[in-house]
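Everything below concerns the one structure shown next.
Letters A, B, C and D mark the chains as written, and numbering starts fresh at 1 in each.
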Amino acid sequence: MDLNTLRETARAKLKGYCRVCSFCNGIACRGEVPGMGGVGSGSSFKANVEALAHHLLNMRTIHEVRDPRTNLTLFGCELDMPVMAAPMTGSTYNMGGAISEEDLATSLLMGSLQAGVMGMIGDGADPTMYASGLAAIRGTKGRGIAIIKPRGQKEIIARIQEAEAAGAAAVGVDIDGAGLITMSLKGQPVGPKSLRELREIIQATSLPFIIKGIMTPVEAEMAVEAGAAGIVVSNHGGRVLDSTPGVAEVLPWIAEKVRNHTVVLADGGVRNGADVLKLLALGAQAVLVGRPLAIGAVGGGPEGVALLLNNMRTELIQSMLLTATADVRHVDRKILFLRQASALG
Amino acid sequence: MDLNTLRETARAKLKGYCRVCSFCNGIACRGEVPGMGGVGSGSSFKANVEALAHHLLNMRTIHEVRDPRTNLTLFGCELDMPVMAAPMTGSTYNMGGAISEEDLATSLLMGSLQAGVMGMIGDGADPTMYASGLAAIRGTKGRGIAIIKPRGQKEIIARIQEAEAAGAAAVGVDIDGAGLITMSLKGQPVGPKSLRELREIIQATSLPFIIKGIMTPVEAEMAVEAGAAGIVVSNHGGRVLDSTPGVAEVLPWIAEKVRNHTVVLADGGVRNGADVLKLLALGAQAVLVGRPLAIGAVGGGPEGVALLLNNMRTELIQSMLLTATADVRHVDRKILFLRQASALG
Amino acid sequence: MDLNTLRETARAKLKGYCRVCSFCNGIACRGEVPGMGGVGSGSSFKANVEALAHHLLNMRTIHEVRDPRTNLTLFGCELDMPVMAAPMTGSTYNMGGAISEEDLATSLLMGSLQAGVMGMIGDGADPTMYASGLAAIRGTKGRGIAIIKPRGQKEIIARIQEAEAAGAAAVGVDIDGAGLITMSLKGQPVGPKSLRELREIIQATSLPFIIKGIMTPVEAEMAVEAGAAGIVVSNHGGRVLDSTPGVAEVLPWIAEKVRNHTVVLADGGVRNGADVLKLLALGAQAVLVGRPLAIGAVGGGPEGVALLLNNMRTELIQSMLLTATADVRHVDRKILFLRQASALG
Amino acid sequence: MDLNTLRETARAKLKGYCRVCSFCNGIACRGEVPGMGGVGSGSSFKANVEALAHHLLNMRTIHEVRDPRTNLTLFGCELDMPVMAAPMTGSTYNMGGAISEEDLATSLLMGSLQAGVMGMIGDGADPTMYASGLAAIRGTKGRGIAIIKPRGQKEIIARIQEAEAAGAAAVGVDIDGAGLITMSLKGQPVGPKSLRELREIIQATSLPFIIKGIMTPVEAEMAVEAGAAGIVVSNHGGRVLDSTPGVAEVLPWIAEKVRNHTVVLADGGVRNGADVLKLLALGAQAVLVGRPLAIGAVGGGPEGVALLLNNMRTELIQSMLLTATADVRHVDRKILFLRQASALG
């Protein structure tokens, strides 16, 4: 399978739900929720891409880095690079049924495994979504993280136990799902969580627990206080609230506060290896990739996902070679270009 | 009725007078006055949308807000949310006759009533416009505010008395209509008002009086001095003067000055619930919505207007849940993201 | 004649040499010299429009201005408003022959006269261009200013004498024509002028002398020192040098230096009455309008030019009414909106 | 041959590999590597164009410069202007075979010679590429510079000796080719170079040695320390690393550090004579031109390349006349417009 075939196949199957644009930036699909876009004006999706584009890299070519190290251990798992598949569900209404919920979860997790990394599974109004994800975790012998919607306490804990039984590597809640009134309307109420509630949930499992959907330093500190093993700096791909900042804009302030106390993951707008490297320089230990891998799953199944991830690893190595970065676990912020206002002063 | 049908119907009826764009930002219709655009380069219309887009929201998900309160009392009326229909007239030349003047006014006021809020009616060169509006106020048993053009003193006071007779909740003048030379040419002279003239008008009625078209702190203070019960920060949808700032850019400076002395409303570029919340954070007590509701009226009559307003209320609640805002009457400015220049310093 | 007919006629005649865009900003025609565009990347043309767009107006509606005064005396001539037609020639290669050189000059000067203002005529490689302009000056009984290319000293002085004989109100040189190597190739050398050469030229005539093509305060002061009765801040419509700033960006610094010593005119990107008012606020005494009037000449002859100028005067009056400006001779810089960086500090 | 014919011929032959846009800015071809675009999001290509556009020129027309000098001596060669053809190879996969590797090299070097300047030749995975370049150097009797990929030490030195035998005017390495994993996969490993390795290579030849691909002041100083006769500030046309700054943004800081110790060349986004002048003002002694000359080679062979270079020289002279610049060897930074933040303070 080659990249062009993958993309053409995906474009045909997605029938306009996603245009598989030459560069995925949230403009063509603005407002398409359900669909693949950002909510409202689409600005929160676009902000993720723009915040990454705002950061530039100092190209370095005279140095001694020859064989950059990309692997690391995360939540007890060995990963060939600091990249994971983001949790995605709802293929019926978001992707026009271009892929079944089962195949989507399987493609993301199996493809991630083939590429030496790991993926996340999601939760949704339809109970088969979470079940499909758990099946994919079992199918990869536990190479997967289960992310549960911010439901009632009991419902979350029950789903955590299912994830434990499936052998998940970690579990978590995407608390930014709190505004999904549609879930409430379907009899599956979700909502914000208090610090006390989060602590109760976290204490109910021995697995590493991840809070996904943190966009401010204050809440990152609350997540640490609640006992989170990791946080995901994320605006849910711009799909829950219009007009948020981009992830790469808030990440450095969050990482500065909590990086020594919890694992910081970043999720938003990653399109290639240079983006991965920039988020590491801004303080993340690893990143999540969403829409591009959904396209990979639709266009090529597990092999499609693996192909995209392998390309991204090649790009990451190239970016490390051209910025004199030897190890993904120690990325110097100085690889980022600092614009000097008084250029001609 | 669903949103897509409403929009397709409106697009067909409006025959290009409005393209019913996927995101309404003043670009496609720039310069189309008459029509639905902004005057000249269209920059004042665009500035409203851009000024709102410039402000970002801090997404918060760890907190105790569960059931945000959206209702409030304004000019003695209970509103289910701080949103009102803006006064719009001239359907013949602005909308290509896609809707009659009567149906436009009725749709806006009846639809607002159905959605638990209230609308405004406008005035124009053709006397049937104001009459249609008054009829709509009577039809909703007084759930409407009459906004009169800045005519001669006697003409204004006569129209105020008609509004009182129709049972209007409040009256006002859109003083930014002062530059409409076309009205003068049709024998209906309009012009700027002095502080003395405004005071005389306001003293002629016991209804709450609103001055619409304030864009500077100095004039906001003059409006308070004249006795206005409320002001509308507005550039008339960018239709009277090219190259004004956007409403969301001048609002905080105006609100800071007069918010404790008069009701501050904001009108310009509101497209969804996140926009409403941002204007409240910037100092408005409620907002006006124009073009989107005109599209609703053309595409679905009163039900169309109500559908759009109900969607906006859902979005407002979601935005409040995701910013930890409990009450529309007390919106913390800290929900706005403050860009930090020295992000990588 | 109405505006739409004028524009459709012009669009048909110009056959793509000018697209007669809904908003004329230099994007569609970038690089088209010959043609109607800006040279190279087209950035200098665009910069004129963008620099004007950057400046915003404070809308004011509570005040006592009722009947703004737009007329003034310039170089001994009464003008109904501070707007003049810019010198334009070369209709064969710039406009695809949509209009003859004679008709272009006549339309600009006669149309200006009909609208109560005055126009300029230009010079070019083909001697019939300047002759057509002089004929138009004679046809309007001296309501015209002759702008000569920066040729050799004798050639300029000879042309000044022809302009005097034709009864021109003033004469000048567009020194920014210095880079036109094509003219040199056609045996008509042009080039930069020294201060000494300018002084010699100016002393050769008793008419007011205008130096057109000033973009820096230093050269404005040199123009004053040479004895110029007026300067035109102009980058030649972006047609001679790529990558200049916009006229509205350099104007305030230039006006500040020389406004008390010479008449300051501004030429670049004026599209409507609000633009006129902004340039006055930035320090100009009057402005020049180019491309829009060329479209008027092609689309409607003298009547077309007059129609556009009359519209612009209406817009100017509206803009004055909505900014509380009583007199074009005394425009307060405070009508310009001053963006406050710390809006949410 | 005229410019329009050249461009239409090139557009037809390139079959979409390059669209031959009216303004070449990296947007249409973003991500097309192989192809003519920038890698990934295409931002590094675009950054070159945008960084140049960011710098503006002060237009000056009152002065005594009459016959600007454009020639200079570089690496012992007389050049009629400070412009050289950049090294380009890979016509099969980058240009869809629109031109053979041999014809590409010959066109660039012969066309440069015809225009009184000089060109560079490149290296690639296929050994015929470098051989074609050397043949072109022989064909121009040594008017060419050989740029070699950052291979192993022995491979580089062998290629230097071939270049010496061909009579090359200078040699160099484009060290920004270090990330080309594809070359490694084809058994031709490339990689970053240490200071020690660069010194060893430089000491192996008596020809002037150029290090191409410097984007930071620190590495520029290392190049000087290694003994480089010249550096090229370049991000490889945005083709090796996404998200670098533009060349014109880093150039002044680099030139300030090393300009007195080595020849500083700049390569990125040059489209016309004004761009050349701006890079000289920012500290370069000469500039490289890439894609425009590739289009010239495809559309018109050596004559096409020469036509474009001659046009650029005309534009350079015009730009010098309009900025009062007498000599390309001494360009005053003050010809650059310095934006004043407090324009209306």
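FYI, a contact is a pair of C-beta atoms (placed from the backbone, for glycine too) under 8 Å apart; a residue touches a chain by one contact, two chains touch by 3 or more.
Remember, predicted model here, so these are calculated numbers, not experimental data.
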| item | value |
| --- | --- |
| When chain A is superposed on chain D by its C-alpha atoms, the rotation angle in degrees, nearest 5 | 90 |
| Length of the line joining the C-alpha centres of chain B and chain C, rounded to whole Å | 39 |
| Cα-centroid distance, chain A relative to chain C, in whole angstrom | 56 |
| Residues of chain B whose C-beta touches two or more other chains | 55 |
| Pairwise touch network: line, ring, star, complete, or other | ring |
| List of chain D residues in touch with chain C within their complex | 22-23, 52-53, 55-66, 271-272, 274-275, 278, 314-315, 317-319, 321-324, 337, 339-340, 343-344 |
| Chain A-touching residues of chain D, taken from the complex the two chains share | 30-31, 40-43, 47, 55, 150, 175-176, 178-181, 191-195, 198, 211, 213-216, 219, 222-223, 226, 235, 240-245, 249-250, 252-253, 333, 336, 338 |
